[in-house]
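Questions regarding the structure given below will be posed in turn.
Per-chain numbering from 1; labels A, B and C assigned in written order.
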Amino acid sequence: MNKNKDFPKRYTIKDLVKLVNGKYEGKLSAEHLIEGISSIEENDKSKITFAENKHFLSRAADMAKGVVLIDNSIEDSNIDNVIKVDNVRLSYAKIAEKFKCTPYHASGIHKSAVIEDNVALGKNVSINSNVYIGKNTEIGDNTVIAPGVKISENVVIGKNVEIHPNVVIECHSEIGDNVIIEASSVIGSEGYGYITNDEGEHYHIPQLGNVVIEDNVEIGSCVTIDRGTQSSTVIGKGTKIDNQVQIGHNVKVGQNCLLVGQVGIAGSSILGDNVILAGRVGIVDHVELGDNAIVGAASIVTSDIPADSFYLGNPAQDRLQELKARAVRNKLPNYRRELNKLKDKDL
Amino acid sequence: MNKNKDFPKRYTIKDLVKLVNGKYEGKLSAEHLIEGISSIEENDKSKITFAENKHFLSRAADMAKGVVLIDNSIEDSNIDNVIKVDNVRLSYAKIAEKFKCTPYHASGIHKSAVIEDNVALGKNVSINSNVYIGKNTEIGDNTVIAPGVKISENVVIGKNVEIHPNVVIECHSEIGDNVIIEASSVIGSEGYGYITNDEGEHYHIPQLGNVVIEDNVEIGSCVTIDRGTQSSTVIGKGTKIDNQVQIGHNVKVGQNCLLVGQVGIAGSSILGDNVILAGRVGIVDHVELGDNAIVGAASIVTSDIPADSFYLGNPAQDRLQELKARAVRNKLPNYRRELNKLKDKDL
Amino acid sequence: MNKNKDFPKRYTIKDLVKLVNGKYEGKLSAEHLIEGISSIEENDKSKITFAENKHFLSRAADMAKGVVLIDNSIEDSNIDNVIKVDNVRLSYAKIAEKFKCTPYHASGIHKSAVIEDNVALGKNVSINSNVYIGKNTEIGDNTVIAPGVKISENVVIGKNVEIHPNVVIECHSEIGDNVIIEASSVIGSEGYGYITNDEGEHYHIPQLGNVVIEDNVEIGSCVTIDRGTQSSTVIGKGTKIDNQVQIGHNVKVGQNCLLVGQVGIAGSSILGDNVILAGRVGIVDHVELGDNAIVGAASIVTSDIPADSFYLGNPAQDRLQELKARAVRNKLPNYRRELNKLKDKDL
């Protein structure tokens, strides 16, 4: 039915070589147009891919008809068309960036957007359909706000920010430059704070702090980050958060941390820099993880973790200790039998 | 205040008998109108319910004043009005389908919908208020798009699809026929792929693949499914996904799988057909589960699982082994004491 | 760029003293204007804070320049300006309530809201931009519906309710008075009910019940609550639900329960009153938790739990038993060695 799918993003091999500071050796002309990236298996003449080790270099030699990024050090790859670079993966990422889908990037303000008083919009912003922006909010240059995003009042958003559809940003949130937030996430919701009276009823303590998302942070979809009780919940520079992560009020996450899918961090806990929380890790409230700490998948952290350590388990402990405990676990029924034998002999 | 709740869906007993190919025996006339389903307890003359075993048949005989679906094999149920069928539950499902709430099904395109260039809409589609549809997107016959749904560009959606409010579907997603997606889910968000440089900064690898949702798939609310890195994240035909499930980039889920609430599947893992993941199961990246595998609630799968197996635990292992290990666990303090006794004697 | 952030909420010290029935002793005039709350560290002359024990009272004496709430029993606090009260935390909560951000509270109906036939709106309601309200729905006095909320047909919502942006409320849901629902939550989605035929295909059983949210319930962001199969999924009066909680069809939660972040309750389970589920607790289907039961973080409840008990673990058991089992776990490699020594001696 619909025959006109456009391919607006095309670059010559020459363009791409220049982008990654590479060296081209191949049969295709340097003016040949590349229209996208692909896996090695699907690499036709209109595509570019990459190959990083012997296994993939060999597969590329067999089947890659388009262009392949390879390391500078490779002499004879037997691949039809290569661009040689210092860092293959980083170069691939730079090129892939050029082919990204950018559906919400038409500059200007859609007529259906609802923008309250005293909102300050930077240069070249894209405010898409059905966006809501509350009063006094500031949005920096080049920022893209996708359809359906709801930004409350007194929010500050930096430059080159990309906010996907239906994200909600509550009042007083501060978002830095180059931040990406995927669809349907919620920044700055009310945190979970209650006092219980003598009748067992829970009275809500209003959470009047905010959320601070620093520069270069990336946040997945359906992530929830609560605002602080009196000050800020902070996500440090360069930290990357995967889907469905929950971050409680007053949490401080350091710089360049990696929080993988479905992680949960309870209120007031603190992560240092470069901390890695694998998928589904849970952190209880009021604990501290030192710089460079790593926590293995599905672990539950119930007390402080030293810097540079690798923890695992529920409750989480040093990973080697945890693996020892696990190794023994399945042998326990045997111990029972052996213990019984010894007891019988002993009688 | 509001007295006019309409009940637009009414069917005669005769209609319903025909629908399920049943046999009616009862006091109420075949022209009597049924207005909805109910539990046995709440079964008045305007409702239909079902009873599947001795316990429920007996309760129905006591209290059901409306119509009750029962099995063909039951001779004297003592229930006032019965429809006898081959498969009680399946017949109930067919009838319940007729009483479903269909609030978003007014055909046509709401004037507030924002539809970009070159969008192809099938016959009898319902595009509700504040829907956004990006360019080149195709939507099949009879499909219902509820208020607030955001569909990006170059998306293909099949026939008879039902998408609930505020769902977000990112670019290049492919959705088959008869798919249902509940509210606020996100299909095709950017996956979690990073390379880390020597300074510890994480550089994002753009994920330029897509998501493919095959025919007859049903997806719950607040589900997140990331698109592939270079190719597709795939959900196979007939698979049913519950709320708050997270599916990482490049995952392939087979046909007729059941993924229960809060399940998480990390990148590049593969599920065969008919796999059942109970609630809260987590699957690490790059593992494979064979056809018909079952994983028990809250288990964490850390390596491949054979076809036809039943696994449980963290890390998941054969369920019987896991249960043996668990049975011993609480007796361990006793072992300690017995071991001590033996050691003391031995001195 | 944007110099005019307004501070619409200001109260004299006299106002606040009256609100909490307190006694003021301080250097600042009773007419002095307070503009917000703060932590003790950030307490300048325009702010109010609280101090509850020796540690915080001492810090407040050192650094709090504004007003500090303290207990009646404190004679000489050495704090510049105090309001003495019976219950410090409760008084703080009452005052904080006055400084809450209320961005969506402009009364009236935004012109972009889409309101179907026969909708009944109470007095002083705020229906913000791009809200959708389905037919026959009723909304009570003073209720605030934020931008982008989607309310289906035949829904009843009470008075003084606050619904944050992009929440979705499906048909026939009933929401009581004084309820708060944070952004992007989904109330009344289709539950997960299937019958499997002989070919392994799963046929959906339409869930035609509803969700009932009683008075004074508070619900976090990205929470999903499925409607009942034939009757209601119920959240009892005064219960507080944190972010990303998933509640399956037919669940009944009692009054004044606390469900912390990422909790999951599977279908048909029942919680009594005053039950506390710590973060990440999972409850399987068809179990019952007695009044006042407490379940520790990340536990998985697989069978009934008695009233007044404290359970922990996976599977959850009495907390003391669980802690004993955990205490032994790391010593198991030692047991192995000791057992071996005894066996060798025994040969």
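Methods note: contacts are C-beta pairs under 8 Å (C-beta built on N, C-alpha and C of every residue); 3 or more make two chains touch, one makes a residue touch a chain.
Just so it is clear, the structure is predicted and the values come from calculations on it, not from any experiment.
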Could you label the chain B-chain C interface same or different, taking same to mean over half of its residue numbers are used by both chains?
different
Tell me the rotation angle, 0 to 180 degrees, that brings the C-alpha atoms of chain A onto chain C, to the nearest 5.
120
Give, as an integer number of Å, the spacing between the C-alpha centres of chain C and chain B.
26
Chain B residues counted as touching two or more neighbouring chains:
112, 130, 148, 166, 184, 222, 244, 262, 314, 329, 332, 335, 339, 342
Could you list, by residue number, the parts of chain A that touch chain C in their complex?
112, 114, 118-120, 130, 132, 134-138, 148, 150, 152-154, 166, 168, 170-172, 184, 186, 189-190, 192, 194-195, 197, 200-206, 208, 222, 224, 226, 230-231, 244, 246, 248, 262, 264, 266, 282, 284, 300, 302, 314-315, 317, 321, 324-325, 327-329, 331-332, 335, 338-339, 342, 345
State the interface residues of chain B toward chain C in the complex, per the touch definition above.
1-2, 4-6, 36-39, 42, 49, 89-90, 92-93, 96-97, 99-101, 103-104, 110, 112, 128-130, 146-148, 164-166, 180, 182-184, 216, 218, 220-222, 238, 240, 242-244, 256, 258, 260-262, 273-274, 279-280, 297-298, 314, 326, 329-330, 332-333, 335-336, 339, 342-343, 346
